[in-house]
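There are two complexes below, and they share subunit A, which is joined by subunit B in the first and by subunit C in the second.
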Partner chain A sequence: MHAQEFARFVAAASIAAAVLLPPGGALAQQAVSLPLAVKNHRFEPAEIHAPANRPIVLAIRNLDAAAIEFESVSLRVEKVIAANGQGVINLRPLQPGRYNFFDDFHQETQGTLVVR
Partner chain B sequence: MRISCRAQRPARWCAAASLAAALALSNARYGQAYDDSTFREIETKYIFGFTEGSSIGLQGEKEVSLETVAALGKRDGRFFATQTKLEFEHTPSQFVQIEFGALASSHDIENVTGLDDRHAVSFGGLFGELRYLLVERGASSPIAVTLSAEPVWRRIDETSGERVTNFEFETRVHADTELVANRVFLGFNAMYEPETTRTSEGAWEKESTLGFSGAIAFRPIPPLLVGAEIWYLRHYDGIAFNSFTGDAVYLGPTLYLQLTRKAFLTAAWNVQVAGREAGQAGALDLADFSRHRAKLKLAVEF
Partner chain C sequence: MLAALIIVFREIFEAGIVVGIVMAVTRTVAGRGWWVASGVVSGVLGASMVAVFTGALSAAFDGAGQELFNAAVLGLAAAMLVWHNVWMASHGRELATHVRAAGEAVAAGSRPLIGLTVVVAVAVLREGVEVVLFLYGIAAADGGSNLALLAGGFAGLVLGTLVCLLTYLGMLRIPGRYLFGTTSLLLAFLAAGMAAQATAFLEQANAVTALDAIVWDSSWILPDRNLVGRALHTLVGYSDRPTAMELVVYATTLATIFMLMRWFGGQKASPRRAAPG
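And then the complex of A and B:
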């Protein structure tokens, strides 16, 4: 019984520590704000740039008369933004690379975040 | 043998129906030529069958799903047991995913040595799961790693179908990588699953299972992944590897199909191809494990 309790404690503590500890000291860094618009079912600009290893705030304005769902598997976010509305998405500090995103309601609407 | 074949029918039917649906849908939607841009990034959690990928979903995403795992065949008689999860899944951050839900179990057992005959469907229990993305795939690591912990309470024994009180705590390490971007994926799991069960006689029995798996998934067309996986499982009496009782090697195909923008289906079929029961001469371990196991999951995101 002691061994069982110990095993469960270790597992639970490991998960809890992993959840509670912020990766890469992200909390200490100032976020980079990136404006992005959707107009005529296109991201403007279609390619945006950000520095590596800093938190990012995407400020998205939807200028179309239809709602969009901003989505990205590699960024691990999705958010619905109403027609003629605005939305903010907070991103974790990212490693260098290209991160694709799209509007899940109009899948031809695509863009890329380039992190260097 | 006759009885074993009868038990295989439902899962075989499911596998055949899934494949037919996959092909029909694929032909309808992707019969025309497509290029690399149509192969978007994909979440890997459910593409490897019983092996789970590292993905934890998208922040803000919610999902409900119905997942049935079936165990088929013992050494003799007829054995067909299922456990169905009615599950809610949510990703509150870019590193954490939570799941919880209820279990339903069914048993169709007849003339199996060591088990009472039983034909029953019951509310089986409750479960929860926490997943944490420890290492993300990117410039610094080609491999993504996720840790998970899944506590389960059961009122029905998974194998015998008897009324029991069972507590299980499954922990897993999930790792995966892309061999070809958005096309070919490799997945690995390591699993430790201690559990304790109070039987109808009032005694508490402890046991544990240790498992390792490898899987490959190939994406021939954007909504479809097909692959194969191999599992090695070891079963012990006691939760700290106290007494080895048997091991098994499972091998089988996997399938993932994106049905719509927000719905998908995943299926897997595993056959025990090797194993041994401690102290027994026969091939395979059909006391601790079933001859076959199958998984079918239907999920809808919102």
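And then the complex of A and C:
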């Protein structure tokens, strides 16, 4: 690609990016913070509760010597948390219901988020 | 052991498809093996490094470091695919004449492959991080079943490589004169899927909150977690519950690629495609 062509390409790409990228809006509502730990391949607590229609922040501490991948199909979340590490997961306001989550690296490690 | 095999295979699977496609796309380029191999090696090295620093990465940007990193590398890979496709469109005319003249190798040899090397590296890196962390977790944990688990993980690696090979061989079956059009289309969808996936990570990081309503739920008929769903996820960016923003980004990326290809490819692009050899 010649210099001129490349300049045109960059120009077009920047315009596309400017049009595409929405302004990062701050959440209007205060988020609910929920602590969660993983110890001996168990979620502690195995069931957590949150109010409906409020943003949720899951603060996960992995107390095991192996990394975990926190995953939930219904919450559309996948996140690796290092051994003895911490992870934060932001969730949108949810409808009432039960949302299961698990450690994808150790699938016997299961938990539930109950929203009501 | 079977669990380890499945976990590793599932992670390698998507990277295998991407590498297989890139190998097929570049099959006539002299020295392409070197370009693809350096992509794989940088991906593995990068994955190991990211795995070591997972804790620090997660903590960065108020806990959204991992998501932002994933979004950034996916965005980079999508941009590289766009660049490659646009380059091919602008130089495709002279290449196409050589294809007929069986001089494809010479003509295509001058293609800049660094973009595709980055795409391979990103694919291997993203999936590799999880494999490294998972296998390291096994190796670090105490217990007698380690060896069996590691063997399972290794078998998963081998199977993943097989997927790469099958993708490659499958694509080679496409007749030569359709291959250029097919691969452009395939790479365009690959790019759009990566852009949409990058958007999903930005949404997870709360960096993008606009248009976050889920448009449809097809998880009951084709979940994006099973094998077919995953293959479609990689190839065309299939998601069983996409948000409106993901769809907007997907469509915009596709439209942008085709517009740029047309812009740089000149007016001759479409009639030539229609004419058989």
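Side notes on the structure shown:
Just so we're on the same page, the second predicted complex is superposed on the first by the 90 of 116 C-alpha atoms of A that agree within 3 Å, B and C clash if a C-alpha of one lies under 4 Å from a C-alpha of the other, contacts with A are read in each partner's own complex, and residues count from 1 in each chain.
Definition applied: a contact is a pair of C-beta atoms (placed from the backbone, for glycine too) under 8 Å apart; a residue touches a chain by one contact, two chains touch by 3 or more.
The shown structure was predicted, so the numbers you read here are calculated from the model rather than taken from an experiment.
Once the two complexes are overlaid on the shared chain, A:95 sits against subunit B while remaining clear of subunit C. Contacts of A:76 after superposition: both subunit B and subunit C are touched. When the shared chain is aligned, subunit C comes close enough to touch A:86, but subunit B does not.
In the superposed pair of complexes, A:66 makes contact with subunit C only, with no contact to subunit B. In the superposition on chain A, the residues of subunit A contacting both subunit B and subunit C are 8, 12, 19, 23, 73, 76-77, 79, 92, 104, 107.
The residues of subunit A lying in touch with subunit B in their complex are 3-4, 7-8, 11-12, 14-15, 18-19, 23, 71-79, 91-92, 94-97, 100, 102, 104, 107.
For subunit A in complex with subunit C, the touching residues are 1, 5, 8-9, 12-13, 16, 19-20, 22-25, 27, 65-67, 69, 73, 76-77, 79-90, 92, 104-105, 107.
Subunit C makes touch with subunit A in their complex at residues 3, 7, 54-55, 58-59, 62-64, 66-67, 79, 82-83, 86-87, 90-91, 112, 129-130, 133-134, 136-138, 140-141, 200, 204-212, 219, 223, 225, 241, 245, 249, 252, 256, 260, 263-264.
Chain contact summary for the complex, subunit B toward subunit A: residues 40-43, 55-61, 91, 94-96, 130, 132, 134, 136, 138-140, 147, 149, 169, 171, 194, 196, 206, 239-240, 261.
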